[in-house]
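There are two complexes below, and they share chain A, which is joined by chain B in the first and by chain C in the second.
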Partner chain A sequence: MRYIFKFPDIGEGLEEGKIIEWYVKKGQSIESGDALVKMETDKVVTDIPSPKSGILAVLYGGVGDTVKVGSALVEIDIPGVEGEAAVAQAKDQPEAPSQETVDEKDFAGVVGTMEIAGDGAYLPSGDEGRPAKADAPKTRKALATPVARAMAKDYGIDINEVTGTGPAGRIMKKDIEGHSKGSASVNIHVPMPKASSAERTRIEPLTQIRKTIAKNMLRSKQSTAHMSIMDEVEVSALVEGRARLNEALAEKGIRLSYLPFIIKAITLALKDHPILNAELDMENERIIYKNYYNIGIAMDTPEGLVVPIIKDADTKSLIELADAIKDLMERSQERKLTLDDLRDGTFSITSYGSIGGYFGVPVIAYPQVAIFGIGRLTEKPIVKNHEIAIGQILPISMSVDHRIVDGAEVSRFLNQVLAYLKEPLLLLAYEGGTQ
Partner chain B sequence: MIDQKTLNKYDPIKNKAYQLIDDEGKPLDKTWKPRLSNAEILQAYKDLLFERTADLMAVSYQRQGRMFTYPPNIGQEAIHIAAGIVTKEQDWLVPAFRELGAWLAKGVSLKELFLYFKGNEDGSRFEKANRMLPIAVPIASQFPHAVGLGYAINYNKEKDTAVFAYVGDGGTSEGDFHEALNFAAVWNAPVIFIIQNNQFAISVPLKMQTKSINLAIKGLAYNIPSLMVDGNDFFAMHEALSYAREQAVAGKGPFLIEAKTYRTGAHTTSDDPSKYRSKEEEEHWAQKDPLKRLKGYILHSKIDELKDEEELIKGFKKHIDSEFEAAENHPEYKVEDVFGYMYAELPDELKRQKNAYENYLRGVK
Partner chain C sequence: MTYDLIIIGSGPAGYVAAIRAGQTGLKTLIIDKKYVGGMCLNWGCIPTKTYLESAKMMKKVRSAPEFGIAGIDPEALSFDWPQAVKRTDAVVAKLTRGIEFLWKKNGVEFIKAEARILSPTQVQADKRVFETKNILIATGSRPAPQNLFKDSIDLEDFSSLKELPKAPLLYGQGGNLVELAQFFSLIGSKPVILANRLPLMPYLDEALETFIQKKLKKDKIPVLPEAESEIKDGMIIHKGKEYPFDKVLNVSSRKAVLPAMDIELELENGFIKTDRSHKSSVQGIYAAGDVSGRAFLAHVSSAQAMEVIEAIQGIEPPAEERQYPINVYTDPELAQIGLTESQIKAKGLDYKVSQYPLTANGKALAEGSSEGFIRVLYETKYHEVLGVQIASEHATDLISEAGILMELEGTTYDLARTIHAHPTISEIYMDAGQVES
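Here is the complex of A and B:
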């Protein structure tokens, strides 16, 4: 009978090991307990002994190769168990190494968890005893730790769609990262609508990202006291200034949108109105003011809404802000955002107007306390010097958490932001100052 | 024989360890004669060899992926085997987690040990070990329990009974250690405190652990007779433990022994000591290996030629393998057992938890 010895988790939570030295050769006879190979892991460098006596049939990997916990290390032919006995024995065992094996068969203890790597790794010499892989159920419960599940959730990924490369198909951190990046090593399963025209309704399960969006939206609406304010600002100077700036920067291949100007205006104004860059900690009855400005930018992706952040936006130039936006846009489309891109925002901006819409009532990205919405820039008749003229009107909307942000304060904040947008040279006046 | 003069000579303040044989196993004092018979000494050697073999195999099982974790005993066996001889059936054994030989002497089976480190609670039953508490992984938490047992012995007027309580060097920095020592002294409890000073609290060396010149000295503050002993010297350990027990059962209260030793292995199988200690240090202590020294004594004093050692180890291995296989074939621990033994009737909150866990196992969200 052929026994497959899979590299065990010998260090309470290891993912892989590197082969330092093989002590044995193919075809060699070994006793259980004999050292097979020296492995280097995150925790220890150690010899791995054989759990069985027999003849070494296959050795996996050469010196320097990395072996994943749960993948085959050696195959051992155990004499004496052959034919029907082997088949019978194999039938008693779960299927040999396969990513469809989803039983969460690990031992939990106070210091970690361990995969039983050797368990169920019997194979008969022939194939009779093995269930065909095609029989494996299509829907399966992903094998993953709560940490991995939480991580997938943060990414907005349905963990059941991630292909695990850990022991018994366990989903590891990098599988989630890989999935989010959409790399070739993972399966991206986009549920396809399967409606026939005869059906009056179509049932489609929620994707993980949709579940996350739904949960976050509801939590924000249920946990905060939303209050909104709307206004218009005439931005001819900004339109003209931006056009001139882009002309000057054209030879460097740089083109600014309006968003960097708006971010700049907002971070400057936030410094004068810190309550809008704060968080309400009800549990401890206190307000947490943040002296950093991580601005979340709502982005539309094929999978749904994501709000990646520009870190320390207040320290960035207009050009750097434009670069940061471009980078986040590209990576959000390619699902390459990392967890770091998505957490610890302090204030958010949504520019729905780039698609359409004049005023909106944006939902706060809880636990932040304010969100700034930008509508569609529109040419409108305005009254200027007692005459009708054509103005460039930018409609804006803001939602705040009225529990800690008073109406007067948000109006003052808004006046300041709009003043900067009306006269963008003011951005220069305040840029870099400490007051 | 230890007497008051010995205790004065080895007063912890002098920072000198009590020792009877040298690194080669030769007696330091030519006139000294061991308390044990030659047959007993030979048996002790075999027990020590058995503990070491079982220990090495346990590490091997863990490396094969067949056991969750394991804290190796290698290098500290003289303490365990000596204590195993001195500890009587009616005595209490209050373990930490690195005293294999002492547990085996008390009646713990290897199957139970393996079950425990495979994560199966049935391994804590110790069916044949009379008066032994469960393995205590939290550091020094077992010391107050030991004093409570000692208090009970006095309260019940039990004769010829003592408590053997173990802790490591790291444990002496815990509050529980000091509270226990204080109460043991105040209550005159018959408790023998054994500090296995193996030089490391996981990776923290003793020097970073305490400013005390040694650990025995900590007993003096509580007015507990205390002795630092060469823990790799089987005879010194046997002598010190025998004396400590005699004192305890004679109503003289607690005794503290610092057994100075070296953890030759890793803290547990998840630890790699090469990252925090030198080869030179390991080689220095290898000279003091307890098995080597006891073997040296047996050969020098011509008790035995130890020619059948290989056969002996082969037999041990067969037995150890069969115990491990028995542990592997033991039924898995049941969910009901997790909830089953605390309350006659399960409170609502625990009912909810049990139900939630059963649903989880069934895949219901």
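Here is the complex of A and C:
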């Protein structure tokens, strides 16, 4: 029996992935659970395991190709499974998307099949004309002639980007010819030309991460009513307290940054201001309050911004928080974050000040409702007991979704957070309690 | 009152244009001097196929004993020509009535009269002058007159013959010629073909020409090239052998029938010169069908007519010429679409031919007609099908599958993976599609 394994949605709402490396070859025998391919998806690089044991009959796509969720990834010949058992096996594939999702984009489906035909098999059946299922992803197979499909594959053209001039917009071979003549840059198999000094622009395709960032940022700005508040807090006590703690923990090799203190202050304050740890469900006209505190920490990586989360941050000690941050930091640099590390955050923190910048206006990690920004800690003259003194000033900013959070509530929340930062011993006063 | 369109000629170009024009709201007048339906319905496609069917029926009845039907004496069979004509007339009447009904339904006016184009906006007919925005000339063609045989008749006069000739001489070239030769042979006459030149059907692939020449030879129908023959005392002498004849049918290559005109239209080899949208050299005047000399086929004429109506409404046809099937209603039938092998060679394309005989086809064997083959010509890179030729019973219907395949730029893989019902002759497509990549 031939089992077609489609690229599953391994995250929430994942749409596509890029093939980084194939671990297997056509004709190879594999066991269920064996890693098939290394895929770069939105923000993570992950191995896709085989759901079945058998012989690999077909591999779709090459390194660098983009595969849509729901598109065929491999075909596995499972020996000795026939008839109804085969159907049953096919059905139990987790999250198997409907056939409708098979998409021409880049490589899947028919475009990769001239090789199969060479083995005496035929082109896999197409999906044109099948009714769309309500829950199917939006992508649809482009209406194109068999030759146009084969040519698009040959020329490395994304058939979805070609305008068809045939009946009902059908893409004909002349449309592919016209497309390939019209735009040289569509050929994704050809490496992008390196900019010479004479060139005034340089063209580089977007990485998965950049695409995701762009999409998420825009969605946040377009879907929420951003409002920001900024403030300063004098944190001499925190600076001094942290130094003493680090001294005490030095022999254990532990070193705390300010971030665990800030996370602690925020999770404590969030418990008193649950609206900031919530989500607005506009469709059903309701607010979803979350009784767990997954704090996203914005991290800079060579590929771009990622926001992994510390799960149940409110239950962790300062040391545990420091460990969690360190772990996420290392894994983000090595691109070893999993989708689990990235999803279901309830509130986010960004410390732009660690690189530079005093105040910033952070963008909310939608659908969360608030993000806390930390600027650069600076020594500044302050008035203390009617005298000028040197103060340790931490500038902070906060953006919230004004649709569900009003300014007064944000100020009350901030007052509480800043109070904890000003006097970190207060953290001890409230830690572990319910009040 | 001004018409949007006046159509002269009511054959497959004219009547189709009229119906379409009416459907799309154009105020339309169609004028024909003689028939509704032109040559196709009255003395071309339909009558000849009806006669041929009678002849093929005779052949079948003759072989009835072989199929297990007793009580028929093949020797006692004779061809009842007046009855065959009567049946044909009934078929024609039914079809022409259908056309008139469709014209009426779509608000098309019809005048039976000789038309004269006075100006690009004026047509005279029935002693009246009609104003119009556009004119479509669809007056067709007829066999070129020849001087060799003074008392020859052409297809139009054929059905008015009281008696069929015993040894007809078929003079000319093309599919009609071969069809007629077989018709006479099937009903027991002794036809002779005097070919203007060879091949008999130059627009068909050589494979089909070779096939049909062999078949004619087998059926003892002589094919005599004019250049090597001599005409003397009601006889053709070819290589010292005498071939007598009692009637000559002129099936020569065709010449445009032009309407009377007070304006001048640019011609090309005697046909009205048209562009891709079938516009003539005069603004507002179009020409479609045989009169423009592009193809002498009813279905091509109709397709051109549809494009004319679109052009009048500002829709330009696709730049490339369309694929169309060419059918010959011989026994067995011949059909072809797309490029011939020599055309592919001339284009310098890399191609392969997948040929499959009918001898292994169950349905063909059951019907007792396993003579023939299918040839699928495809380019080697994507396996796009470039041309298909079929010699088989029902080939003229079978070819439509290749038509849609090629319209959709299909490949041999598509043929091979399409499930064809068994047993059918159409399975030969699936067989021919199974080629090595």
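Everything below uses one rule, namely that the second predicted complex is superposed on the first by the 242 of 435 C-alpha atoms of A that agree within 3 Å, B and C clash if a C-alpha of one lies under 4 Å from a C-alpha of the other, contacts with A are read in each partner's own complex, and residues count from 1 in each chain.
By our rule, contacts are C-beta pairs under 8 Å (C-beta built on N, C-alpha and C of every residue); 3 or more make two chains touch, one makes a residue touch a chain.
Everything numeric here is computed off the predicted structure, so don't read it as measured data.
Once the two complexes are laid over each other on the shared chain, residue contacts for A:Gly33 go to chain B alone; chain C is not touched.
By the document's definition of touching, of the two partners only chain C reaches A:Ala148; chain B does not. Within the superposed three-chain model, A:Tyr3 lies out of touch with both chain B and chain C [touch as defined at top]. By the touch criterion defined above, A:Tyr258 lies against neither chain B nor chain C after alignment on the C-alpha atoms of chain A.
In the superposition on chain A, A:Met172 makes contact with chain C only, while chain B stays out of contact range.
Touch criterion met: A:Val44 reaches chain B, while chain C stays clear of it.
Which of chain B and chain C touches more residues of chain A: that partner is B.
In the superposition on chain A, contact of A:Tyr293 is made with neither chain B nor chain C. On chain A, the surface patch touched by chain B in one complex and by chain C in the other comprises residues 114, 117-118.
For chain A in complex with chain B, the touching residues are 5-12, 32-33, 43-51, 107-112, 114-118, 141. Against chain C, in their complex, chain A makes its touches with residues 114, 117-118, 122-123, 125, 145-148, 150-151, 165, 170, 172-174.
Residues of chain C touching chain A in their complex: 318, 320, 382-384, 408-411, 413-414, 416-417, 437.
Residues 57, 60, 62-66, 68-69, 118-119, 137, 266, 268-272, 274, 317, 321, 363 of chain B are the ones touching chain A in the complex.
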